[in-house]
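The structure appears below as structure tokens.
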Amino acid sequence: MIVVKVQTDDFDLSAEIAQLRHSNGAVGAVVSFVGVVRDLNDGAAVSAMSLEHYPGMTEQSITTIVEQAQARWSIFDALVIHRVGDLLPLDQIVLVAVTSAHRGEAFQACEFIMDYLKTQAPFWKKEQTPTGARWVDARVTDDSAASRWTQACVENNSTIDD
Amino acid sequence: MIVVKVQTDDFDLSAEIAQLRHSNGAVGAVVSFVGVVRDLNDGAAVSAMSLEHYPGMTEQSITTIVEQAQARWSIFDALVIHRVGDLLPLDQIVLVAVTSAHRGEAFQACEFIMDYLKTQAPFWKKEQTPTGARWVDARVTDDSAASRWTQACVENNSTIDD
Amino acid sequence: MELKILYFARLREALAVREEQVEVAASVSTIADLRAWLSARGGVWAHEFAPERQLRVAMQQQVVDADTCLVAGAELAFFPPVTGG
Amino acid sequence: MELKILYFARLREALAVREEQVEVAASVSTIADLRAWLSARGGVWAHEFAPERQLRVAMQQQVVDADTCLVAGAELAFFPPVTGG
């Protein structure tokens, strides 16, 4: 089972993990990641944060990546909760939880999903700092974005009927 | 900070993780592993389980491995709770939670600590199955245990004053 | 060809546009063409869509490359590199 | 040399001993020697400490190898491969 939620409300880790544990007696391992608002980022104190996303694409793209994880590793269920809206330092931002019979698969799938969330899922953070609000910069290493705009036209597989 | 607890009582994941999150505003990532009693193991239905350990050695050996994880990765705090005594299917057995600024370090340290717990920490599981009670077999792949008993004497570093 | 375009985060703020419906000529056939077309509006548009600016583009809610062909009626979205998680 | 020996899990049950104090001769100087000494008790001891049985040993609560020298007064522990986590 795949559950993806984008919500402003906080989540309760115990309740979410208990539900995953109780859904399947074969679950031996639950690996979870919780992302947290830090009070300091790139050298500036952060007093608040707001998160924006692309409704529709977010849920669809996360579901797709979780399906990829399920095809790649022997995992049972995956739960992704990503908060949007206004958050404060120490608040929970995101939960990714994966269940499996044995731990290795769940560890790998959970980290795989998080890597996707960090680099591909359409969320954007804006921080409040003493010098004003600022959009958080992506940790991009030498992205060749500019060069990608200079190539020839290739037929795309997707259509508007997808 | 390192916290290691061996206890019969269950634990509350939300409360434990909240404490880790709130202890340090620099925490951006919390990776946690929860081990769960499965209702089926090695082909037999499991109706109950009991866990035995080696008091003293357990806590000391887990603390040592967490210190190794702290030396190896940039992590903040680590919490290990391992239950002993009688457990039922779907019950939580163990929690390993690690905090860090960024996710990669916490994922690696958490899995490292779990690998140690599984292969080195002195815990033993006994299962109740329809055909009676049985000690769980370790997943040992071609352990060369027998051959290790045939070597010459080497002075050990530890003394009884350790 | 008619297209719906969404803008997010820093880009939405800089352009002061969240969403628009546009009609482009047949010569605008790829994502790169559309980017150039938007940049040609000048001012803040020229700045934000300059080739050196890192932007991601989605068509029908899937990330696409610069050389992807535009599909009539599609929902396009331009946004900065993502920072979730 | 006097030693305290603990047994855990399947081994504790098979031997029906949880803990004992033993006095071994000077010729018993390594972990391997102690294992052979215990095996020489015969019966279930010979069975459980047979060379092909997988056992772990700790001295002063640290896992040690067969060739480790025994330390007088130490706490030894014999146990099957661990199955926690």
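Residue numbering begins at 1 within each chain, and the chains themselves are lettered A, B, C and D in the order written.
Keep in mind that, in the parts below, a residue touches a chain if its C-beta (ideal position, glycine included) is under 8 Å from a C-beta of that chain, and two chains touch if they have at least 3 such contacts.
Keep in mind that what you see is a predicted model, and the values were worked out from it rather than measured.
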{"item": "Number of hops, chain A to chain D, where each hop joins two touching chains", "value": "2"}
{"item": "Path length in steps (a step moves to a chain that is touched) from chain B to chain D", "value": "1"}
{"item": "Gap in Å, rounded to a whole number, between the CA centres of chain C and chain B", "value": "50"}
{"item": "Separation of chain C from chain D, taking each centre as the mean of its C-alpha atoms, in whole Å", "value": "72"}
{"item": "Gap in Å, rounded to a whole number, between the CA centres of chain C and chain A", "value": "24"}
{"item": "Between chain A and chain B, centroid-to-centroid distance (C-alpha), Å", "value": "27"}
{"item": "Numbers and ranges of chain D residues touching at least 2 other chains", "value": "85"}
{"item": "Residues within chain B bordering two or more other chains", "value": "35, 103, 114, 118"}
{"item": "Chains touching one another, given as label pairs in label order", "value": "A-B, A-C, B-D"}
{"item": "Residues of chain D touching chain B in the complex", "value": "6, 8-10, 29-30, 32, 35, 51-55, 58-69, 71-75, 77, 79-85"}
{"item": "Interfacial residue positions of chain A with respect to chain C in the complex", "value": "35, 51-54, 56-57, 60-61, 82, 93-94, 114, 117-126, 135-138, 140, 143, 145-146, 148-156, 158-160, 162"}
{"item": "Residue ranges of chain B in contact with chain A within the complex", "value": "12-15, 17, 21-22, 25-36, 38-40, 89-90, 92, 101, 103-104, 106-107, 110-111, 114, 118"}
